[in-house]
Every structure is written in structure tokens, then in C-alpha cells.
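Paired with chain B in one complex and with chain C in the other, chain A is shared by the two complexes that follow.
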Partner chain A sequence: MKTVFTFSLMTLRMLARRRTLWGILIVIFLALVGISSVPSFDVGNQGRFILDFGLFGIEVGALLLALGLASNLYPRDRETRSLMPLLAVPLARWQYLLGRFFGAALVQAAALIVTCLGLMLILLFHELPIPADLLPATLLIIVEGWFLLSTVFFFSFIASPPLNWPLTTMLFVVSQMSVSEFVGIMPSAPGFMRFVRLLLPHADVFHIKDPIAHGFEIEPVYFIIAIFYGLCYAAFMLSLALALFRGRDIK
Partner chain B sequence: MADVHPLQVKRLSKRFPRKRGLGSVQAVSDLSFAVRQGEIVGFIGHNGAGKTTTIKCLLGLLKPSEGSISLWGYTPASRKVRARIGYIPENPDYDDSFSPMEYLSMFASMRGLSGDDKSWLKLLKRVGLSSWETTGIRQFSKGMRQRMSLAIALQSNPDLLVLDEPTGGLDPMARKEFREIIIEENKRGASVFLSSHILSDVETICHRAVILSRGKLVTEGSMKELLGGENLYRIVVISRKTGEEIEEIIPEADLQSRIDSLRRDNLPIVKVEMALKSLEDVFLSAAGGESK
Partner chain C sequence: MRWTFATGTIIPVFALLVLSACSTDYDVTEVAPAEHLVTDEHAGHDHAPGEPCYETDIESEQPLTGEETTSIDEEREAAHAGHAHDEGDRNHGTQWFFNQPWAAPFIWGKLVRDSLVFLALAVGIFFATRKRSKR
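Up next is the complex of A and B:
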């Protein structure tokens, strides 16, 4: 695992030096500042508004970070031939995949924590209380971000980066849908649609922005189950990616 | 174990599927050769002959369609043998946000090597990058990237160096330095498998050569065998049409009959002399017809 750890650090350093990360962070911050400056009807609503849309902004930020950081990693390594010296000698394919994933996941998590701190500062600036569940909610978004990251990795082995963006975004949108909303796409085959929805990811489990904004308490066991689900799905997507990568010729 | 050559390729074939499933392209066909311990073996062929495909197969980057590859008796997938290989890819590139020192440190850590910054500085000095150790690779020329590749390949004191066009795009001085390092590594005990278009390099440093054309082996042998076969003669005659000198290279066996035919045609023979055979002559006569 030392090899994977070193390669993760190498990936982390590489991504932190790229402009993509900083560009996406600036976009998220501008969105948060924009949300907080929207005029509200009364003080009670403003806090809810900032929390609700702020967490939504961080979640969309997780998607942007996943796509911006990872959609081009493997294709770029292949195109520039920097993949060959890595795979020819020090790394096995699974080590390459995990190293790249963990490096990107660490950068993504750090970026999301920074945006959460930004949201806290905005709440403090408006003299609004910071809910106790804000950090756990961010943790759930981080796990959702890892799931999205693993999806981006999977698609990067079967699609070009420009195609990866719509595919991952589509999966992200579908994963937010409830079963009834999904069945509504093709109401003539409800059984089939329910089965497909069952197989597709349920990213709605990571959304606790509404209960937080309305001040409802969330059971700790919910967090544990949601995190476990997210990590299992990410591991599943990475296994699929590895299965594709293993059988592939590096031309 | 009966088969302990550093590299043994047996009946290797590699086919690539064409786009849209329309058949396949045969890149390498029924190729067999070996690199013995302590040898420098040149791997020669025209563009598209299958050299890089063969190298990628022996590094486990491509899966052979048929045949087998053994590295000290193990398959290329074995971690044990990969740790003993140093590899320079054709047109190497690296993430250009790093410096050579950072790259060497990270590669060392990934390979479990025990060297420190001092030893990497020494290595960078050896390949001619001593004053560039902390400069971002994005500022490097093609030749400097080749040197960087060489440093990474030599980092683990490999037992087998696999070099894919390592001197392509280098100036004559840098090529000479590269050759000297390869010879030094060979003296240290490393076997070398060198794919190159620059036949003078192969002729200068290789003990043996394998010549490939259209994915097939056309000839192989020691330099002595390849260069010291049949003697060649150079005949210089004056063209009746243009009055210019025309040169012909003729094998010894055909020499007398060719002179007779030139005399019959009343063509003035200016000179008949023994021609020194070069690897280029061998390559052109072995693979020239095949590549057309």
C-alpha cells in the first residue's frame, strides 16, 4: 500500500498545482457569496435560504470538482504517454487506479471542507447561527463527491472527457430522483423502471440540507448508513473501472 | 529453471482489431528471439515494423495474441521481474508540474528504493541534468526529457534496460553520452535491449542485432555474423548518357559476371574496390524489399 500512498500524494500535488482546482473553487465561492447576498423577506428565512442553497452549491461543487479533477486524468496520462513509464515499471494497474482516485479524493475533500468553512463565515457575517449538523452534512457531501469521482473514473475508461461530463451529470441527476419520479419517465413499464432505479445509485441519501435548514434533528445512525452506502457504491464503481482497465491494451 | 535468459520471446504475435470490427491488423507475427545475460541487443526495423509493439508486449502494456514472453523465466506481469527492468519509452513525457528531483524521489518511493537526494543529484549529474534538478519539466526540451527518462530508467540499477528509440531527436554530442552510459551499464552487468532507427548507434554498441520487417523477423545474429558475411565490392562506371560516375555495390559472387556484362556493354569501368559493409547495407538488403 506504500506504493499507492506515494502515488496518491503525487496525484494530490499534481492536482493542487493545476488551475482547474482553483478555478472551480472560485466559482463555488462566488456562488456562495451570490446566494448570501440575495435579499430575504425576514431574518428567519434568510438563514434557511443561505443554508439550503449554500449546501446545494457545495453539492454541485462536488460534482464540478469530480469532473474537473478526474475526467481528464487517465486520458491525459495516455495521451502524453506518461502512463507508460508508470505502468511498465513501478505500478500495477490497480495501484495506478487507486493512487489516482485517492489523490483526487483527498483534493476534493479538502476543497469541499474549505467551501464549508466559507459557508460558515457567510453565516457568521450575517450574524446567523451555525447548525451543529453542518459539518456532518458536509461530510455526507464529501462521500457523495467520492461516489461521483468513482463514476467519473469509470466513465473515463469508456468515454472521452467531453462525453464524461454529460454521462456523469446524467447519472448525478438520475441518482437524485425518487422511485416515483423515475417511473414517471416511462410509466408504461413501471416494474422495469423500478428495477433499473434499484440498480442505479441513490444519491438522495446524502441530502440532509432540508432538515438542517428547518432545524430538524438527524439520527447519528443515518449518517453511518449513508456513509457506508456511499463508500460501497464508490468501491463498486472503481471495481468496474478496474475490470475495464485490466483488460485494456496500452497502445 | 531451464530458461533463464533475461528476455526470451517465443513465437510472439500481436493483432489489433481494426476500427468498427473490420478484421484486424497484424503488428507482430511469429517473432522469436532472446537477449542473453550481459548482451546488448539491437532491435531494428522500419517505421511500423512492430518494434514498439514488441517492447510494449514484453513490458506487459499489451497482451500478446499468441506466443510467450519470459523475463528471467517469469511472465512480464510479475512484480519481481519488473523491479529489475529500466525502461525508456519512445518520446517520453511526464507531468510537467514536477521537477526531476521530485520525480526521482517519487519513483524511488514507489519502487521501494532506498536512495536519498544526494544519490539522485549524482544520477542527474550523470545524465547531464545537474543544473536542472529543481526546474519544472515543462521547461525541458525533448533531449532533456530523454535524459530525464534515462535517469528514471537507471535509478534502480536495473538488470535489463529496455530502450525504445532512446537517442531519437538528440544531438550528436548527447547521443555519444547516451551510448557511453549504455556501455557503462552493460559493463556493470546489465543486459540491454535497444530499439533504434540510428543504425550507426546499434553498430557501435550492440553485440547482436535482431532485424524486423512488417512484424516478422528477417534476420538476427552477432554483429560479426551480420557484417562479416559475404564480401561486397563497389564498381564505379561512367554513364554513357550523362557522363557521370555511377556506383554499384555487388556481392563477391556476382562480381565477375557484372564486370563481364559491363565490358560487353562497353561501359568504362573507373574503379573496382572492396566495399566495407555497414549495418545499413545489411538492414537494407534484409528488410529493404520487405518494407516496400
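Up next is the complex of A and C:
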């Protein structure tokens, strides 16, 4: 695991130098500032409005970060021919994949925590209270971001980066749908649609912005279950990506 | 047998997912106990025939004159202004809010079950594809 750790730090340093990360962060901050400047015409609801849309903005930011950070990693390594020397001696394929994933996951988590702090600053600026569950809510979005990251890695082995973006975005949208909503896309084949839905994650597990905005308390055990679910699904997607990568002839 | 993506990954994944333990969907409205679902929006209050329901915005089907409409608007504003529920009671039209996973503890066990299935699949796929790994 020391090899994976070292390689993930190399990935982290490489990603931190890229302008993509900083560009996406600026976009998220601009969106948060824009959201906070929209009046809700009701002093009591302004906090709810900022929290609700702010957390949604951070969630979309997690999607952008996953795509911006990871969609180009493997294709670029292959294109620049830096993949072959890496796999020739120091790294096994699973170590390469995990190193790249952990490096990108750390950068993504740090970026999302920074955006959460930005949301807190905006709430303070408007003299609104900061809910205690805001950080745990961000933690769930980070886990959702890691799932998206693993999905991006999976698609990067079967599709080019320009195709990776719409595929991952489509999966992101579809995974927000309930079973009945998903079956409603093709009501003529309910059995088939339910079967396909089984393979997709339930992204609503990570959504707790509504209870936070309305002052509901969430049981701590739910956070543990949701995080466990997200990590297991990310591991599943990574294993599929690894299966593809191991079957790939790299020359 | 030569390992391919189809034989080594897709078939075991599909086989595991169609096992009876995994095939139960957990769309909250489908698996929720009766006490979780509040379907009767008129519960707790009665109306005279033709009287609009101020709390659910369901209006009578009888045509209204201009004066009646104004009167009903005023009454509606008054009803909303004094609209209150006992602590812990759900407001009308908020079933969607309580159909989210955080508010439905009866699906948490299913979430754990699915997590374990996906984890087992991940470990299985990792070891199943290990032998043919290329450096």
C-alpha cells in the first residue's frame, strides 16, 4: 500500500498544478455568491434558500470536479506514453488505478470542504445561523463525489474524455431518480427497467439538504450507513474499471 | 475458459443482483409501512358540501360568482394565516419530504444489504480478474 500512497501523492501534486481545478473552484464560488444574492423576499426563508441551493451547487460542483479531475487522467497517460514505464516495473495495474483514484479523491474532498467553508462564510455574511449538520452534509456530498469519480474512471477505459462527460452526467441524473420515476421512462418494459435500476446507485441517499434547510435532526447512524453505501458502490465501480484495465492490451 | 469482460464481470454481477435477496427495490413509497404514508390529505378536518379546502387548495367544483371568489380569497388568507399543527404533525402535501431515505429508517437495512452485495462484488471481481493481470 506504500506504493499506492506514494503514487496518490504524486497524482495529488499533479492535479493541484492543473488550472482545471482552480477554474472549477472559481465557478462554484461564483455560483454560491450568485445564489446568496438572489432575494427570497422573506427574511425567515433566506437561510433555507441559501442552504438548499448552496448544497445543490456544491453537489453539482462535485460532479464537475470528478469530470474535470479524472476524465483525462488515463487517456493522457496513455497518449503521452508515460503509462508504459509506470506499469513496466514500479506499479501493478490495480496500484496505478488506486493511486490515481486516491490522489484525485483527496483533491476533490479538499476542494469540496473549501466550498463548504465558502458557504459558511456566505451565511455568516448574511448574519444567518450555520446548521450543525452542514459539515456532515458536505461529507456525504464528498462520498457522492468519490462515487462519481469512480464512475469517471470506469468510463475513461471505454470512452474518450468528450464522451465521458455526457455519460457520467447521464448516470448522475438517472441515479437521482426513484424506481418508479425510472420505470416511467419506458413504462412498456417495467421488468427490464427495474432490473437496470438495480445496477444503478440511489443518489438520494446522499441528499440531506432538505432536512438541514428545514431544521430537522438526522440520526447519526444514518450518516454511517450512507457513507458505507457510497464507499461500497465506489469500490464496485472501481473493480469494474480495474477489470476493464486488466483486460486492456497497452502498447 | 478465457476471461473476458462479459464472462468474468457482467455475468456474475447480473447473477448476484437477480438473487432474491437483492431484487427487492426500495422505492420508499413501495416498501413503506402504512403508518409512514399519509394518503388522506383531508384527515383531521371536515368540510361542508361545496366548501373549499383551504389547507390543500382543493376547491369545490361549483361555479363561483365574483363576490363569492373575493370572499373565498379572504377566507383562504385568514385560514392560512392561522394555520397551525400540533408539534410533530406533518403538514399537508409534504409526503415527498418524508419519502427521502434519511426519514425512512425501514429502508436503512436494505441500504446496508445492498452495500454488502456491492462490496462482495467488488472483492469478487478484483480476485476473479487477478490471474490475467498484465504488468
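Couple of notes before you dig in:
Convention: the second predicted complex is superposed on the first by the 251 of 251 C-alpha atoms of A that agree within 3 Å, B and C clash if a C-alpha of one lies under 4 Å from a C-alpha of the other, contacts with A are read in each partner's own complex, and residues count from 1 in each chain.
Convention: contacts are C-beta pairs under 8 Å (C-beta built on N, C-alpha and C of every residue); 3 or more make two chains touch, one makes a residue touch a chain.
Because the structure is predicted, anything quoted here is derived from the model rather than measured.
When both complexes are superposed on chain A, chain B and chain C sit side by side without a clash. Comparing chain B with chain C, more residues of chain A are touched by C. In the superposed pair of complexes, A:L124 makes contact with neither chain B nor chain C. Judged by the touch definition given at the top, the superposed model places A:S178 against chain C, while chain B stays out of reach. Once the two complexes are overlaid on the shared chain, A:V114 sits clear of chain B and of chain C alike. When the two structures are aligned on the shared chain, A:I26 is found in touch with neither chain B nor chain C. Of the two partner chains placed by the overlay, only chain C lies in contact with A:L199; chain B stays clear of it.
In the superposition on chain A, contact is made by A:A92 with both chain B and chain C. By the document's definition of touching, neither partner reaches A:L163: not chain B, not chain C. Looking at the shared chain after the overlay, A:L244 reaches chain C, while chain B stays out of its contact range.
Taking the C-alpha centre of chain A as the apex, the lines running to the C-alpha centres of chain B and chain C meet at 140 degrees, rounded to a multiple of 10.
Of the two partner chains placed by the overlay, only chain B lies in contact with A:T3; chain C stays clear of it. The overlay of the two complexes leaves chain B and chain C separated by a minimum Cα distance of 5 Å.
Annotation: chain A residues 87-88, 92, 247, 249-250 touch chain B in one complex and chain C in the other. On the chain A side of its complex with chain C, the touching residues are 87-88, 92-94, 178-180, 194-195, 197-199, 202, 204-205, 207-208, 210-211, 214, 216, 218-219, 221-222, 225-226, 228-229, 231-233, 235-236, 238-240, 242-244, 246-247, 249-250.
Against chain A, the residues of chain B that register as touching in their complex are 16, 56, 59-63, 79, 82-83, 85-87, 89, 91-95, 97-98, 102, 106-107, 109-112, 149, 152. Those residues of chain C whose C-beta lies close enough to touch chain A in the complex are 3-5, 8-9, 13, 17-18, 22-23, 25-30, 97, 100-103, 105, 108, 111-112, 114-116, 118-119, 121-123, 125-126, 128-130, 132-135.
Every residue of chain A that touches chain B in the complex is listed here, in rising order: 2-3, 6-7, 9-10, 13-14, 17-18, 80-82, 84-85, 87-92, 247, 249-251.
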